[in-house]
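Chains here go by letter, A, B, C, D, E and F, matching the order in which they are written, and residues are numbered from 1 within each.
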Amino acid sequence: MGPLQDICVAIDDHKSETAVFVNGKFCKDLKYAEAKDFFFSGLQNPGNTDNRVGSNVTTVNVDQIPSLNTLSISLARIDYALYGQNSSHTHPRGTEILVVVDGSLLVGFVTSNTENRLFTKVLNKGDVFVFPIGLIHFQFNVGHSNALAFAALSSQNAGVITIADTVFGSDPSINPDFLAKAFQLDKNIVEDLQKKFE
Amino acid sequence: MGPLQDICVAIDDHKSETAVFVNGKFCKDLKYAEAKDFFFSGLQNPGNTDNRVGSNVTTVNVDQIPSLNTLSISLARIDYALYGQNSSHTHPRGTEILVVVDGSLLVGFVTSNTENRLFTKVLNKGDVFVFPIGLIHFQFNVGHSNALAFAALSSQNAGVITIADTVFGSDPSINPDFLAKAFQLDKNIVEDLQKKFE
Amino acid sequence: MGPLQDICVAIDDHKSETAVFVNGKFCKDLKYAEAKDFFFSGLQNPGNTDNRVGSNVTTVNVDQIPSLNTLSISLARIDYALYGQNSSHTHPRGTEILVVVDGSLLVGFVTSNTENRLFTKVLNKGDVFVFPIGLIHFQFNVGHSNALAFAALSSQNAGVITIADTVFGSDPSINPDFLAKAFQLDKNIVEDLQKKFE
Amino acid sequence: MGPLQDICVAIDDHKSETAVFVNGKFCKDLKYAEAKDFFFSGLQNPGNTDNRVGSNVTTVNVDQIPSLNTLSISLARIDYALYGQNSSHTHPRGTEILVVVDGSLLVGFVTSNTENRLFTKVLNKGDVFVFPIGLIHFQFNVGHSNALAFAALSSQNAGVITIADTVFGSDPSINPDFLAKAFQLDKNIVEDLQKKFE
Amino acid sequence: MGPLQDICVAIDDHKSETAVFVNGKFCKDLKYAEAKDFFFSGLQNPGNTDNRVGSNVTTVNVDQIPSLNTLSISLARIDYALYGQNSSHTHPRGTEILVVVDGSLLVGFVTSNTENRLFTKVLNKGDVFVFPIGLIHFQFNVGHSNALAFAALSSQNAGVITIADTVFGSDPSINPDFLAKAFQLDKNIVEDLQKKFE
Amino acid sequence: MGPLQDICVAIDDHKSETAVFVNGKFCKDLKYAEAKDFFFSGLQNPGNTDNRVGSNVTTVNVDQIPSLNTLSISLARIDYALYGQNSSHTHPRGTEILVVVDGSLLVGFVTSNTENRLFTKVLNKGDVFVFPIGLIHFQFNVGHSNALAFAALSSQNAGVITIADTVFGSDPSINPDFLAKAFQLDKNIVEDLQKKFE
């Protein structure tokens, strides 16, 4: 139904054992809303890309800006180290539109069965690309320096499902026999992956 | 906006080179609508599970029943051979509710980052389970015979993204160096997988 | 807006006099969610059809599976005794898709004014039929044995309005003079019906 | 998704045998839109209530005002003769809000199973009442003169299902044996009703 | 998602300092719902038009009729004194459909950039006009007497943004230098306006 | 209903006099979709701010990236000259989230009647702010150099209504007597404004 009032700033006063929640978030009394509820500071700072995949996503969604509650949009800064990648993932609740601010990225997404068609493109500074809701997509730094992009998503909380982490690193683990058959891998390779992504 | 008339039976008369489409489907003149536009026959027949994963999904969505156009629901019959599985996949546009008609299934889904929590359960005849929209989920036949389930999805065309096929079998292929880094696999294993899922 | 988080398992801790509610249901803290919140057992059992119309609907909606909250789908098992019927009714909040598991059903629905056109068909095992949202529809057992169907609905709580019970059995009763005029029945027949449906 | 442009004025240029339709209506080129596409004249005139139920609904929806396409609202003028009624009906795609302009109406609606609770009230000039989407409702003229109301509905084409006409007057007829059992009426009474509502 | 139950009557029992809110309103226990929750009395009375613009809007939305919660519709009575106007305004969350009950109105709306096209028409008794969601629109009394209209809006709480009051009368004020540049007015005229609309 | 297929790339082949449209856009056959349908190049270039208000918006919506059709998001680059402003405006179909890339902006929005409360803040590089759907908002360059921001909107075609241009520069003009009364300006000032915004 979209928003049913001008603003509905999310509030988190449910800390007790009996906490209840709603779809989205509870919101605070309008009379206590302030400009800072609509504000976030920090996207000027590069994220720390010193990790396995060499990328970092700084998310600005309803958890960072409470006024995004009910408003169907959020933002992210993505930093890529040299050779870094934002590995294959989906957003279960949002389409993404990305603009490159610095560097060069190879980006792509794959359509659903039975086509599984890959759409891919190299993006440079000022280029924009769209990743439709729910489809698996990725970005790779293919330039000669760090890269930087901003991305917007069509949900206050689009969610991220990184494929490798979710399949091989779930808590608890999925039965390795099953994964071995699904991915056509030896069971010992699957078990090795499960240790790495633990 | 949901449906804007009683019925809007999908029609496929756009076969020419200049074909155009809409979100969902065009629909035919109500005066030509017939009971058979609301009908599908065939779910009494087991699907052919003689394939790599030992399962088969018979989908009944807007492509099979044209009157499902605009109505936000569809159905499927799923057959599982002994040891068969419906491998890790997501539906980008639908939640699934599944009822077991015969046999025993181990089912599960994994929440998004950063929890990646696995919810899992063994289902027997008459048991029902829910897989929320966009999340990775699976079913494994853990009984001593073939298994059979019906599943409903909250979209006229929920889509299916089988993870292994999409990541390793996209057309064209994703760069194996990138996948090797993302999945922490040797590049030659990735290339081998890409041949298997081709 | 659809779901705004992976899962929002319904919770019922509002038992006091001052209870408040929301559109749909409150949900519990994600950290207390369990696999059984996504699970229901019992659809293997026939419902009791020993009633006036000779049918029984076992509903599996958000009241039975709390995780259906926000997810726009639900399920039902429908049993039909010999000559049994699921009488004329509407679902104010959902389209229905039905698959016959055993037996033979004559099914139908009627479009809105001014056409009031009846779409009808005999279904056998494995046949599927669609009843569009809000339209009056029915199923009759026209086979030589009990019949069984599963039905899915495009809402977590689609609602059921059985026409005869609602019009003649409301609490309190609708003025019989008015109903007599509307249905072109003698007032004493209306009053008799109101006793039967009380 | 709501409207995706300022205006999308419905157009009807699909008169041929090969006509196709969409959810809602096709719209014309914005440059040909005119003020009269947003306009309807005629609600100053009483409708003809010289019929069986003594009421008349003049509908102003997307068929009368083409610019209502995509905009989720419509209007109606309802005239009631002395003792007239707008018999039990539902709107499958809209909530109704009604204001009495002249006279006195007894209005009501019934909730769904299993409560089937009747909410009812007498309305006088200037009184407003709400009938929630999909629920069976009615208005009876209980004053000493003609009555007049305006009603708005939350859809460009909310639909009307008059219960008696739909159940007993569908085209073709529903099997009278089935209706007799459902409504606990003698079969000959049902057949008599079917002739009256034909 | 639209309503997820038959009715969800808004309730206001959050008076304390720690009050929390939701998108729309909390609703009360269905068992305490009464016919008067669906009812409003007062639209028979003219509003007081003795103000600067010579018009008055009596709103009947979810604040007046609590059962409108989740139901996407509301109503208003608009009175116009001789030469009165309902000045340029938008409804951020609703399309409006208006019917003239008495008098003559010049009405209009303007499309968005870059066209800014004015659609305008003189309406007399019984005429209906549509103002699409979010667009700036107005009504002027151009007849020789008071005028009266009813309007329905496609939201339980459509909101009203009166342009002059919002731009020149916000609390606190917008910097007059900025407004002077935007509106191409002398700064002293802007400051004068800001005093008038304070 | 959101997207009903993976992708629905907008197509413009309706050039003839008899052109028809739909809510959103027609889309092309999936088999002709290409990576460039998801791509836009040009946001590296500053827009031309040599105009009356000293700002420029480069929009990237469904008209620039056809694959945005059905996907509920779009992007913009906004350049501000020294002392430049993006004057008071609304987006009738979208919430905006803005990130400052260079410079300092004073931003604000005003809530609807009857509060008309101004929320305002000075933003520097890396700061983010939210402007809720349909509310009047603005940005002013208050730094010592040009400023640059990216903004995302929650619609494929959010629309822009610049208040001054729409009220005083509509085509044709709104009656100056009416505007004079509404804005409490002398009629000759209104007529002067109408010439300036023509």
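Convention: a contact is a pair of C-beta atoms (placed from the backbone, for glycine too) under 8 Å apart; a residue touches a chain by one contact, two chains touch by 3 or more.
None of the values given here were measured: they were computed from a predicted structure.
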Quiz prompt | Pair sharing more residue contacts (C-beta pairs) when D-E is set against A-C | solution = D-E
Practice problem: Report, in whole Å, the distance between the mean C-alpha point of subunit A and the mean C-alpha point of subunit E. | Solution: 39
Exercise. Provide the C-alpha centroid distance between subunit E and subunit F, rounded to the nearest whole angstrom.
Key: 23
Quiz item: When the C-alpha atoms of subunit B and subunit E are each averaged to a single point, how far apart are the two points in Å?
Solution: 46
Quiz item: Could you say which residues in subunit D touch two or more other chains, in rising order?
Solution: 1-3, 6, 22, 24, 30, 70, 72, 92-93, 108, 112, 115, 120, 133, 135, 159
Exercise. Could you list each pair of chains that touch one another?
Key: A-B, A-C, A-E, A-F, B-C, B-D, B-F, C-D, C-E, D-E, D-F, E-F
Quiz item: subunit F touches which residues of subunit B in the complex?
Solution: 1-2, 18-25, 70, 72, 92-93, 155-157, 159
Self-check item: Parts of subunit B lying in touch with subunit C, wherever the complex brings them together
Solution: 2-3, 6-7, 30, 33-36, 38-45, 60, 65, 67-68, 71-75, 77, 94-97, 99, 101, 108-109, 111-112, 115, 119-121, 123-133, 135, 150, 152-154
Quiz prompt | Of all residues in subunit C, those that touch subunit A in their complex | solution = 1-6, 8, 11, 13, 22, 24, 26-30, 69-70
Quiz item: Quick one: in the complex, what on subunit C touches subunit D?
Solution: 52-53, 85, 87-88, 90-93, 106, 108, 110, 112-113, 115-118, 120, 133-136, 138, 140, 159-175, 178-179, 181-185, 189, 193, 196-197
